[in-house]
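Shared chain: subunit A. Partners: subunit B in the first complex, subunit C in the second.
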Partner chain A sequence: MSVAQAEAKELEVEQPSGLWSDAWRRLRRNPAAWAGAGLLAVFIVVAIAAPLIAPYGPQERVGDLASVPPGPSREYLFGLDEQGRDLLSRIIYGARLSLIVGVVSVGIGLSLGLVLGALAGYLGGRVDSIIMRLMDIMLSIPGFLLAIGLVTLLGRGLFQIMFAIGITTVPVFARLLRGSILAQREADYVLAARSVGTPGHRLLLVHILPNALAPVIVQATLAMATAIIDVAGLSFVGLGPNDPGLPEWGAILAQNAARLQNAAHMVFFAGFAIVFSVLAFNLLGDALRESIDPKMRT
Partner chain B sequence: MLRYVAKRLLLLVPVLIGLSFLVFIFVRSLPGGPAIALLGERATEESVQAIERQLGLDQPLPVQYLRYARNLAGGNLGSSVLTRQPVSTELRQKFPATMELAIAAMLFAIGAGVPLGFVAAKRYQGVLDNASLVASLIGISFPVFFLALIMKYVFAVRLGWLPSIGRLDVTRSLAHPTGFYLLDAVLARDWDAFVDVLAHLLMPAIALGTIPLAIIARITRAATLDVLSEDYVRTARAKGLSGGVVNRRHVLRNALLPVVTVIGLQTGLLLTGAVLTETVFAWPGVGTWMLNAIRNRDYAVLQGGIVFFAFIVVLVNLVVDLSYALLNPRIRYR
Partner chain C sequence: MALLEVRDLAVKFATRGKTVHAVNGISFDLEAGQTLGIVGESGCGKSVSSLAMLGILPRPAGRVTGGSVRFDGTDLLGLSDAKLRDIRGNDLAMVFQDPMTSLNPVLTVGRQLTESLRSHLGMSKREARDEAVSLLDRVGINDARSRLRSYPHQFSGGMRQRVMIAMAISCRPKVLIADEPTTALDVTIQAQILDLLRGLVAAEGMALILITHDLGVVAGVCERTNVMYAGRFVETAPTGKLFADPKHPYTVGLLKSVPRLDARRKQRLSPIAGAPRDLTSAPTGCAFAPRCTYATPESWDQLPLLREIAPDHHVACWNPVPEADLVTAGLRPAARGEPA
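Showing the complex of A and B:
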């Protein structure tokens, strides 16, 4: 057996470990990832199974109208609101709304951002400068203010609000993907693929994008957290969904912010619902970032 | 360096032009247009036309834009529908309040965040380190208005230690030549007022500063860990410098570079947060002013506020970029 043969055998034994399997291994060992995934699972289950879990309907009146809404009791764990509705049920149904807002608005921002970022990064040149200058301009307007402006412009429908929040995330995704693509474009494996005659669109979709996506996934997770906070913030400044009956957490909080003396329980339960759902995405996003980029693990 | 400054300033021009264009389109597309916004929905056809002529809205769009851009460049942001005052005048009155709040919040965030992150890094993976990591993640998960409400409930409603709204007790009179009440109190040598202003400022500033605090602590920690493993730190220790000197001159000085960037990036967040914090504490700043504008459909004010905030964000980022050169001579600008 020649030396070359012996070396070849040794090389065969070594399993190639890819980016994703490495990341997955690191993720599983991270307690923050488990905590985030657990919280997120609770959030999603509550949102989907709201009608099964909630003791009452979100609009159902179980108590009397009261200027001082009754606080938590054995019968109504989170107390009632001033219209005699069960707060626990409203908060459970509110999870649906927050989840939908998070998913849809990040979905909108992500898809627009990906298209723009991919175009800029892949085509380069003038297209790149125009898109990126536009993104710079959008980034110079603080995200939440941009959302305020857009909602004023488009109206206070639920979809308009999700669209507005989505738009604010576009520049971040576009920049991120562009940077990633620029880095990947010069990589050896892309050169290899190009040299065997892979056509341009295939190069982008099959080779570059999957490798450039890792940071985008992290950002998407964190953007969900921001989206939930932003929709609550919009409600808080009076630009939430225009149906006051909707059990939106931010709206519940806003409606009672002025009467902390009497309705503190409503503010707290709605507020902590927001905090926990946001924390779930933050924990998970943070853990994902660490697992994908071990250099960030400091 | 000078060439770099000039280049950065030049790069601002397209951004500012683009921004003004976006805002121009924004206001022109508002439901009903500016004339209806001025006159209300029940305006008659003639009065709408009269206003449109008066505002030059009957002119072609490019002409309108040029006029608008010229006004903007001269600092003219139009007039408020509600008070009939120029937006720029109102902005000048409201801005010091927001500025004072934002500066206080940032001082709190930096003052607590940098040492916290530094100590966490020095005790890497110790109890304090892990606790501060968890705390900072929880910290950034709080909506600023919720945090503000909790503080208000605990310290103002329940305990009654701090005033819950405004910048100054209503019974107190204080001349405010600068609009920065702390400064005004010092100028007037009115120390009771100074304490009162400080008491009013405390809660909003801490509420607004908490999220930046969490972020700054995290970045300081990460940056310090990076620097601690550098050869020059080992060298400094090996040649017998005291721990304090190494920490100050070698570690902290280099670790602060990314922190400065983050502080710059926080400006947008801080201004947004200020809008929400001001609402909770009835703080008479740009935030409350803009929210009133939303409620009253005072679009000129809203537009002015957004342009102004965007301008500040652009400006601060410029300053941050330039301050790199001062903090880190290794960076050479071409």
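Showing the complex of A and C:
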């Protein structure tokens, strides 16, 4: 092979190798990423198009009140619940709630965590110690217990619940970003930027943060799965949204758990929905982590 | 008054209860357009002193503990952060050792080049972009306009160092500090980068401080050379004089350890014995004494200060290397006047 050819080949291989384009390339090659993204896409479509897909309304009573409601049939694919509501429709509408809960609560946790982590990592010293000890205290309380406490304190509105779940994720994001910023802060390119007189806030926002964000993004994806489980868990222990008619998956599970022996379908399908939505986020998050991790680079 | 006057600059690092005396009082003057080489082995305080001059020592560990750095008459060490930022990049700029890690991987080259143009010179986006193109042209990067949109990883090491140089000279600084600018590059690229620096210094009238451990590099570029050991200058002289007539045992040791083309075949390299001084204790006596064959009891007890032993030639040593030893070391032809 001539030198020119070798060079051309090298160029070809090296062309698309920025941090993100590289990660994107590896992500596309990962079957787990496809599975996760596909599953997630299904949930998103279902959530958006709920009124079009669902055969009935989420609160609509299509059957009679029954202590042993009818199971799946051609007419009601997932069966009915005790109040005669179509479970398929309720679960379809529930997808909206779950996704909103996942996105909003992680959004809350992420934004607070980013601010705290960035301040701690960049400013260092006393600010760092105070913020991080605070985060340690929060981490020392089991997340779900903290969420229960906050919901009890704040009330059972949907937003309060999302806020409570968001708060439990703050220390994780803050710690992660802090560590990542510490690693980047002493990097040569930061020194080089300082040497041409770049002011501090630009150093942090333009130079350090974009380079430190990758692990946080991965964690955010995984945190959405946890948020969905947490809200279902809160509902299950009776701290779900205070409107019992809301088709929240965890609430459906909780309301019908007592009937597991003679009407398992009421529990089964809601549980299934939870499992698959969590699985979607987890698959995607894991694939994302693998694709961004520099150790996995070839 | 010189453009840059450094007097008794001292830097200490505090790490885990230990104090590292990284720089122990260095002084020098730099005139406009002058090129000064600072030579020494790893850890002797070369880079730290340049970071201290720019006020970008790693905080909170590193601290300037004494001395002054006057640029155009103003003491940089007393300036506020904002004022100093204004001077950095504008009047004083720096090129770093490793071009592979000194550019931000997530920003385009154009973005990084225009950053200081816009903040220091207040250029508009368009003006800054045009200026960036001409800068890349000047440092010898072809097809500059389209290259602005490239990311650092799409450049080779030599090209990245050219970009770093373009960034450093973007605001036409009066002093450029180049900290081992060629160490991470292979030899042919080294020569190109040195040529580039030399050309820029001549064309722009910039003063250049070239920090390196490579005597060959200073020989080719610098008018004056200061040899540094354990945070002090041990010998300063015009480069030609330093090479022809080295006086400090450390300088002689450095010159002897350079591989020579005219050496006999089986001749081994002669390294300097021992290891660099541990800088965690305050120095008493000559820091080089433990490794020095010329050391006397005086060397161990009393710190030698720089003194002028020949016009414009300063040495900090109690027992400068005698002429005869330079001959036996092969640094001097045996008899003067005869062709070597």
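Operating definition for what follows: the second predicted complex is superposed on the first by the 278 of 298 C-alpha atoms of A that agree within 3 Å, B and C clash if a C-alpha of one lies under 4 Å from a C-alpha of the other, contacts with A are read in each partner's own complex, and residues count from 1 in each chain.
Keep in mind that, in the parts below, a residue touches a chain if its C-beta (ideal position, glycine included) is under 8 Å from a C-beta of that chain, and two chains touch if they have at least 3 such contacts.
Only a predicted model underlies this, so the values are computations on that prediction, with no experimental measurement involved.
Visitor: Quick check for you: in the superposed arrangement, does A:H207 touch first (subunit B), second (subunit C), both or neither?
Guide: second
Visitor: Under the stated touch criterion, which partner chain does A:A264 make contact with: subunit B (first), subunit C (second), both, or neither?
Guide: In the superposed model, A:A264 contacts subunit B only, not subunit C.
Visitor: Per the contact definition in the header, classify A:V62: touching subunit B only (first), subunit C only (second), both, or neither.
Guide: neither
Visitor: Is A:A183 in contact with subunit B, with subunit C, with both, or with neither (first, second, both, neither)?
Guide: In the superposition, A:A183 touches no partner, neither subunit B nor subunit C.
Visitor: In the overlaid three-chain picture, which partner chain does A:L283 touch, first (subunit B) or second (subunit C), both, or neither?
Guide: A:L283: touches subunit B, not subunit C.
Visitor: State whether A:P199 touches subunit B only (first), subunit C only (second), both chains, or neither.
Guide: It touches subunit C, and subunit B stays clear.
Visitor: Going by the contact rule set out at the top, does A:V237 touch subunit B (first), subunit C (second), both, or neither?
Guide: Touch status of A:V237: first partner only.
Visitor: Hey, is it subunit B or subunit C that touches more of subunit A?
Guide: Touching more of subunit A: B.
Visitor: Which holds for A:L191: it touches subunit B only (first), subunit C only (second), both, or neither?
Guide: A:L191: touches subunit C, not subunit B.
Visitor: Give me the intersection of subunit A's contacts with subunit B and its contacts with subunit C, in residue numbers.
Guide: On subunit A, the subunit B and subunit C contacts do not overlap at all.
Visitor: So in the complex, the part of subunit A that touches subunit B is made up of which residues?
Guide: Checking each residue of subunit A against subunit B gives 32, 133-134, 136-137, 140-146, 148-149, 152-153, 155, 225, 229, 232-233, 236-239, 250, 253, 257, 260-261, 264, 267-268, 271, 274-276, 278-279, 282-283, 286, 296, 298.
Visitor: Of all residues in subunit C, which touch subunit A in the complex?
Guide: Subunit C residues touching subunit A: 51, 54, 56, 58, 60, 82, 85-90, 93-94, 96-98, 101-107, 112, 115-116, 119-120, 151, 153-154, 164, 167-168, 170-171.
Visitor: Which bits of subunit A are touching subunit C when the two form their complex?
Guide: 14-15, 17-20, 124-125, 186-189, 191-199, 202, 206-207, 210-211
Visitor: What residues on subunit B touch subunit A, complex-wise?
Guide: It is residues 14-15, 18-19, 22, 26, 29-31, 137-138, 140-143, 145-146, 149-150, 152-153, 157, 221-222, 225-226, 268-269, 271-272, 275-276, 279-280, 290-291, 294-295, 299, 302, 305-306, 309-310, 313-314, 317 of subunit B that touch subunit A.
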